[in-house]
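Each chain carries a letter (A, B, C and D) given by its place in the written order, and its residues are counted from 1.
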């Protein structure tokens, strides 16, 4: 079927490619003419602007917006709403806040425009492996788009089938789900990313403990100099901590066991923070997910103001003077 | 080759089975005559006691102790030390504290007995999938036992090969490593379990947030009733949070989406606590791994004394009276 | 001077009392006629409704709203805005979210109505000891109300003077500050409460560790049966952990050392959650304040869904069956 | 009465001074001749070595050891044990691990030497304000030393009396307690310090959130530039977060509101770590106390290895490249 794609960055571009490989027709637009040209050379139909993209599609149209959350996505959806016809579908495949989805879907509904939010995981691997998709929206719109989702998803793949799924929605086993009404897709994707932070931090702490087992502060008889690349590798087989994130760790450690090519200043996206806000609203204790986020906050500072206050209190109470390397 | 196995529980019994399938010869002992009989019926050579087991093996002997950490393991190793001959090998495959390994290896060394510690992960799946093993001990002893480890390990399996491992120890890709001297195997296994707790807690919090999105305390327009079994399933394909623990979650949720067959009272083994002690000794911040352990502590109590003190302070300051269900 | 008070609960009532003791004149209203009657008997001027209260005051009027945050406060302020005259002042002394203050002040400004937010700490002790106040609003309005704040605040008191404060705002030493423009008062109070949660939790955990030192799970030679009431008492003198919260703990423990009169189900108010949201917005790591809040969330549930999932994963991996009391 | 003091550092020297002010006689020794000379000039009786100190005291002797925990304390106690006579008392007033106390008391008991452990809080303020003391040992020995403890303790002081203490041990209200048998004093002091870390961290995070409310990352209308020195000051009066640590924060912030005279590299002593180990042994969830410790560990590093691993995983999954200042 036909799909319009707005935003041809790493994610948008590869989604187009995977769709075209499956025989779908894509009309593409990006604010970078270069990006459009590249995709056009691979078989996509270029559009000069939003209007051109809309005109290049046959109704009922499906337009996928794959832009940074916030302003760029919001503005584009507003513009599209003025160009599309009743029955058309806008898909937000980016990382929007799910409450924005709820608001947008309600705003588009009187115009008979459908709004579908798709949380998409796949990273740089999605083109080859397929994308895991969590979808929110009306049943009609999501069903209409099924050929698109089926083409993008990984399919059954080589993972072992989960027993006891007879009678359940078969889409989950192919790599996509219709999670619920507008916003549900992004909500599930948001929590997915929150979990991702927690998983990453669990490995980070574990490898930190392994690494520092060679510390000169330990009694000599209790020091080990461990091969972290081999440890990551061995855990990939038969161990309960095997995971994709471990596979990626094994790749990074095999490349450079000291990870000296990284500083350790770690960015965070909105989804980690929104996950905590959801936990606060629901009164769910989310210690690990919060901590995983705070480690990232901390990693981007030389020292917090709070740490200075700790030193100040120690000085005022016990007369302690700071040392650069404490004990 | 020949191996003596002491302890024929779930782990010990299946290790014997997997070794026999690979053509190795096993002499087995357990304090339960029934357990011995079962394995004997499957081809193992039964021993009536430790002495019988030692006599049933040809020197240099290899005896694998697969018993609960602490007293049972300690007593058995002490007894074995009096029965074995110079050049024999004692393998502790259980979950011993690594400092006990260091002590034991040093105590056995003057008698020319070798001590090998094997951290073993595999659960109820190990018989079929193979065991992931982290091994500590002398090079000579570990090399001598290589046929045993090779038979127990999963082998290359179906996971994608990690690029850039040329020239590295090929055993890691087969599912076992020689981590270092005595204790190193159990140390790596200990941290492995610490990580496991952290990973599990990350999923637990995430699914808790998904589950409570249907809470009546939320504005109605922001509630979703999510299918957790389908969510776990869809994340198994193409998503960065895919892992074995997620596979297991998907199985459990497909069986019973409300998990009403569990109370939520969660045990912890020594390894989670020892991981935190290691972090304390190394001055490594281990927030997530600690929290994951504390959640388990908390899960086994109705209320902590600390919570009562919180209520008491609130009462004494603000005159607040407790409600069973707070707000 | 004159003050109108709306809301004669524990806080509002005592504020009126303390003001009257200092010679101020109070016009009072509450939806409970009984509450009005009680205060009137103590010298306050009763009003039958909001209009009556406004009519009972001479312009420029000052009306203090002391109601639950959210609906009650919002509705009352909206109603007052229709009754007051240019130059009058509305004071929100409750626990409103500071972003609501910013919005309200902006909405009232075109009508030339002043909006002052006062974060008030004092609990059941405020009547006698005075209230600590953190104030937001325009300089003119805050200065105009100074006699009110001066009367409510504790004054210099018996605490030792902080050296080096010459040239600084003397109000801080009397127990009130003009923190900044609208919302700043409630923002500071909000963080104040966030800190309170953290402080409380630090004591809670410490006393929990003291309490459980008598646990039968410990080696007998390492058990102590400690007198928690005496410990709380001794720390009140000369120790760096002395504080008001410790004083309150000492009172509660002297009353009932096992705290068996409390269940340990702990409520939380909006301010603890908003503090974490502020930390998220600012990218400040707030581990302790978050945890303190999560402990309260957890304290109100028998088990979390997350804990059930932990049990489920343990069962599916290792075949572990839950025990009511784990190990 | 008479007391021998070994170790004339900040704590030991001031304890001697406070005892002499109360009319007690002190025989003093330190490895620094200068330190001995200083105290001798103030009225103490100098000793040239341990033997001289023992000889300078009349039996039954009381010798207070005030040295760094670990080697220095251990060696000195061992040496004293060879010099003292049956019925003499050794007091360890430092920060020893309580399990060392248990061991030492048991070792000295056959020689009829008494061992008393005193956890002492007071910092640089103790000389004037008195020391809060938590004492472990036999009733006989602790009672014998009562005049010493009474002189060192703050006494009733100016804090309000806790109601309901009739019939309870009056020593707690004077600032010292007999907590239990050997080790109990240091155990209580250890948890005291654990709590201290937690309290400090609660303030640290709160002030960090206040400080960063001026961050340029926030919408301009929601920024405040708050006076932290005045906030700390105002909370000292009438607020539930008032405490000694807050008093100290107020002093530090009045001196230098940006705390630019501190780097924020924060040391930790053994007691914080031991508190967590005790929590692990007792299965008490100690999230806040652990986190407070981990913040200090983290504060002494530029980046953890764990943070580098986070960056590595992000790079391998999503192709993310690190930025020095993330988002």
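One rule holds for everything that comes next: a residue touches a chain if its C-beta (ideal position, glycine included) is under 8 Å from a C-beta of that chain, and two chains touch if they have at least 3 such contacts.
Molecules present, by chain and UniProt name: A, B, C, D = 6-phosphogluconate dehydrogenase (Decarboxylating).
Since we're looking at a predicted model, the values are computed, not measured.
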Original post:
Fewest touch steps from chain B to chain C?
Top reply: 1
Original post:
Of all chains present, which has the mean Cα position farthest from that of chain A?
Top reply: D
Subject >> Separation of chain A from chain B, taking each centre as the mean of its C-alpha atoms, in whole Å >> reply: 31
**OP:** Using mean C-alpha positions as chain centres, tell me how far chain A is from chain D in Å, no decimals.
**Re:** 46
**OP:** State, to the nearest whole Å, the distance from the C-alpha centre of chain B to the C-alpha centre of chain D.
**Re:** 39
Subject >> Of all residues in chain C, the ones touching two or more other chains >> reply: 123, 125, 201, 203, 205, 208, 212, 240, 244-245, 251, 268, 283-287, 291, 294-295, 298, 300, 304, 306, 317
**OP:** Provide the residue numbers of chain D that touch chain A in the complex, in ascending order.
**Re:** 10, 123-125, 200-201, 203-205, 207-208, 211-212, 244-245, 248-249, 251-253, 259-260, 262-268, 287, 291, 295-296, 298-300, 302-320, 322-327
Original post:
Which residues of chain D touch chain B in the complex?
Top reply: 240, 268, 273, 276-277, 280, 283-287, 290-291, 293-295, 297-298, 300, 304, 306, 317
Subject >> Residues of chain B touching chain A in the complex >> reply: 99, 102, 121-123, 125-126, 129-134, 153-160, 162-165, 168-169, 171-177, 179-181, 183-184, 187-188, 191-192, 194-199, 201-203, 205-206, 208-210, 212-213, 215, 217-218, 221-222, 224-227, 229-231, 233-247, 250-251, 254-255, 275, 278-279, 281-289, 291-292, 294-295
